[in-house]
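Each in structure tokens, the structures are laid out below.
Heads up, the next two complexes both have chain A, just with different partners, chain B and then chain C.
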Partner chain A sequence: MIFKAEVHIMPRKTVLDTQGKAVEKTLIHLGYTSLKEANVGKIVKIRLDAESADSAKKSVESMCQDLLVNELTETFDIIIEASCK
Partner chain B sequence: MDFHKVGLSDSEYKTILEILGREPNALELELIGVMWSEHCSYKSTRPLLKTYPQKGKHVVQGQGENAGVVDLGEGWGLAFKVESHNHPSAIAPFHGAATGIGGIVRDIIAMGARPAVSMDGLFFGDSNLQKTHTLAKEVVKGIGFYGNAVGVPVLGGKTFYSPAYNGNPLVNAFGAGFVRLNKIASSQTAKPGEFAVLVGSKTGRDGIAGASFASRELDENDNASNPNIQIGDPFEEKLLIECCLDILDKDLMTSMQDMGAAGILSSSSEIAQKSGCGIDIQVLQIPLRDKGMEPWEIFLSESQERMLLIVKEENLDDVFKITKHYDLDCKTIGTLTDNRRYKVFKGDELIANLPIDILGDTPVKFWPSEVPADLSERQAIDLSTLKTTSPAEDILKLIACANGNSKHRIWEQYDSMVQLHTIMGPGSPVAAVEVPETKRACLLTMEAEPWKCFTDPYLGASETMALSLRGLWLSGADALGMTNCLNFASPEKSERFYELKESIKGLADTCRELDCPVVSGNVSLYNETVSAPIYPTPLVVTAGLIINRDEILKAGMTRSGDKIYLVGENDGSLGATRYQKMKNGKPLGKTVEPDYENEKLFRERAIKTAREKTANSGRVLAGGGLAVALANEAISSGVGMNISIKPQTTVESLLFSEGGARAIYSVPNNKIKEFENTWNGFSFDCIGTATGDSLSWDNLFTIPISDISKAFLEGE
Partner chain C sequence: MKTSIVVFPGSSCDRDIERAISETLNTQVDMVWHEETTFSNDPDLVILPGGYSFGGYLRSGAMAACSNIIEAIKTHAAKGKMILGIANGFQILTEAQLLPGALIPNTSLTFICQKAYLRVEQTENMFTSDYKIGDVVQFPIAHHEGLYFLPPSELKELEDAGQVVFRYADPVTGESGAEYALEGSLNGIAGICNKKGNILGLMPHPERATFKHLNGGVDGIAFWKSIAKAFGERGGF
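Moving on, here comes the complex of A and B:
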């Protein structure tokens, strides 16, 4: 069965998010003074073949550990959906 | 709270109780624990470092400041220092190396100097392992990322591969900057009543939960075994450079200190203690990046790109205006007092109250020293195993090996020309940079000889130091001073402490005998993994001066028709050389004994040769000995050589021995007489002529320089 997975990768709360900081500063400069915080992360979309949603998630988790995520500086969430095709 | 958790021993805790006359509260214990750690207090090495010669006619600022300063003349000084970032780079190679650059740049700013040069000493594991390449790639990327963005050129460095650094790489970052001598900043000139101002990034949880905090629970879903690594922001650092120099230039600050290890705690306590003051700090005033930070986290945080300035009340408004212009956070966080106490307030509540000296005047630790049981084994060398059957093949192997080949794949990633003052950059044995607004040049050499230090820490360190000086002298420079990074294993093991002690002695004796004071430095201990300690690795960077930059003698400038001279003895030692290591698979045998009188004779003549321009090119003998020096000179000049010299002992020793004051020169025919007059009183010999497109040696070998070039550029 084909599953769609989205990996949401964000900088760890405890490390400096340099991109978020740059976005935050620039938006404030543009006049968005109500802004409190901005963080910048990334989304990786994957389609994969798996027997179940659970095994799809496990497989994507392993991809995160091996390549997609640097766990020293980033955290991630995985969202799995069954694909129609 | 258990004092062991903050790294204090039973006896240290007893001393603390005696000083305080009471038990410290939890926050106080954290503060003392960190300031008494090896990392902050240098407790194992302070008595040894005192043996360094510290005074010299060029020294403006010696050890004890953020960086040393030497006099370059015409009102200019050079602030310089080398610092390790070994452990952070082992955990997170990219960010560790990047923040290493950031840290050394701030040390230079803290002296009031504009950062102008950086160099890197990199020691990686086995060059045959993929893991080594992955790590090295990340470290180099990190250095380039930060250094290129912050606009400080990388002028060279030292890269060394050995399985001894598997799992424990070394990243030593060197920084230097130019400062007007009447504008030098200090961390010892704060006065009671003045304000402590924090400029730069907000304080987050960076660097907290490192080794000694691994047992703490962290919020969020952070993996508690991972320290919160520091992430650098070079663009913020660039603003910090300009902002601090601007404030200094307008005479709006009285003292300055960068924030490195133990962040706010160490910077504020050091500035107060060294200035003979106390300080009150208001923790609620410190701008925070993370929510819910505890006071101990705030004080120990190693968030990057922050500086502590001491400002008089009447200048505060102007300082705030300038920091606003640079878009930097700025907050008054404390007041200097005359009571010599370190007090922390949370609103009205006094949450820590310590005598300032307990944080700055930390106890020293004496460890037992014992000659390593295997030292005689390390020093035993069987010359019969070192026979060469094909000198040509061996030369090519020595040129192509990981420690001999071109490092262009590394330094091409660095900007070496930014600021437009580079005279000699990466790839040259000596780095050189213009002194602003003058005809002068500042020259720098970085050296480390881990194999030689492993087989004999004293002799190895001495040879390392002498080698760095010879490079300067040969280029025509007078040595002004040196900075050193001492990378060693655990001092708690008596054999390792012996290596540390002997290495320092070797450096100290050589610096004293050859008139090169030590102005700054850094010590990094506990460099070992479960399997083995690293080699004893003292790294030195020596600064020199040439009054007229047109008189620099460079390498790689040999012209066809030049006579090739060898100055110095034909033989050094084969012990712990690149050749010996290649033949035996591990370093064995001692390097040469120091001969200071001979070094001084060399110094005088080498400097004269450069200034009188009696040679077109010159190169000191280093790794790979005479054969590799000639081969490197041939490929960098693009001209072959016919060499004719008979061995006094063995062919191997003539070709490949290392150590001692020795160099090759290329002398044009119309300067031969002058050159020989200069070297009168020192051993020298005309050994050949530059010609053709091969390196030929009597009937020993002929190697096309295209083959040498290929080996050098492509490696093994």
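Moving on, here comes the complex of A and C:
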């Protein structure tokens, strides 16, 4: 069965999010004074073949450890859904 | 002495390094493509050059750290032989977990390309024995992801173990620290080594401080001489 996965990668709170800070400053400069914080991360979209949603998630977790995420500086969430294609 | 320079798609400092070491070290130099699984010449020194391997996609050095040659580099490291990572090469060494920490985007969010001044913080490794502790050298920097990061407890361990080799410094007073790190590196760290002292990673470029006609500085020559000295003292490996 084909599954769609999204990996949401964000900088850890303990790491300075330089892109987030730049976006924050620019939005405030544009007049969005109610803005409290902005963070910038990455989304990796994956389609994969797996027997179940659980095994799809395990494969994607393994991909995160091997390449997609540096856990020293980043955190991640995985969203899995069945794909019709 | 034999040296292998690993070339990744997007490496751009490989030829500069070849030129620098060919003129300062008595070494045979091989360029090795990253898809190779072994080093055919059994090198004493492996160098990972600067540049933008794999376009710097995902994270600097992340894709290169998955190249075939990395296993051979790990075997080389385990034998206690020398490994040097400069700029992107340093990023690859951290991604491959051969050195601790990570290099993340500069606080300025800009690419910084200029002369940098570094204080030599320790000389008990294979790359800085020709300097004295406290020497201030000028090596240029050219990076966008050069901020050295390590969580506080691990950073303290690194400092306590004396693994910080180069720290950004004031060229006049020789004082080093975070305030002199243009990209915001923690504790002003510019280069570190592993506990054994056979693996060194640094963001500044000693190969660009080797020829007087390039930028007026030759502080990198003692860096290459330190490597020759370490090799000589061991009578080879």
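Basically, the second predicted complex is superposed on the first by the 85 of 85 C-alpha atoms of A that agree within 3 Å, B and C clash if a C-alpha of one lies under 4 Å from a C-alpha of the other, contacts with A are read in each partner's own complex, and residues count from 1 in each chain.
Keep in mind that, in the parts below, a residue touches a chain if its C-beta (ideal position, glycine included) is under 8 Å from a C-beta of that chain, and two chains touch if they have at least 3 such contacts.
These numbers were taken from a predicted model, which means no experiment stands behind them.
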| item | value |
| --- | --- |
| First, second, both or neither for A:T75, with chain B first and chain C second | first |
| Partner chain in contact with A:K25 - chain B first, chain C second, else both or neither | first |
| Touched partner set for A:S83, first chain B, second chain C, both or neither | neither |
| Contacts of A:L16 with chain B and chain C, given as first, second, both or neither | both |
| Contact residues common to both interfaces of chain A (with chain B and with chain C) | 14-16, 18, 22, 72-73 |
| Residue numbers on chain B that touch chain A, as the complex places them | 91-92, 95, 201, 204-206, 208, 218, 220-223, 226, 228-231, 233, 235, 289-290, 303-304, 327 |
| For the chain A and chain B complex, residues of the former touching the latter | 12-16, 18, 21-22, 25, 71-73, 75 |
| For the chain C and chain A complex, residues of the former touching the latter | 58-59, 62-63, 66, 95, 101-102, 104-107, 109, 147, 149-151, 184 |
| Contact set on chain A toward chain C in their complex | 11, 14-16, 18-19, 22, 42, 66-68, 70, 72-73 |
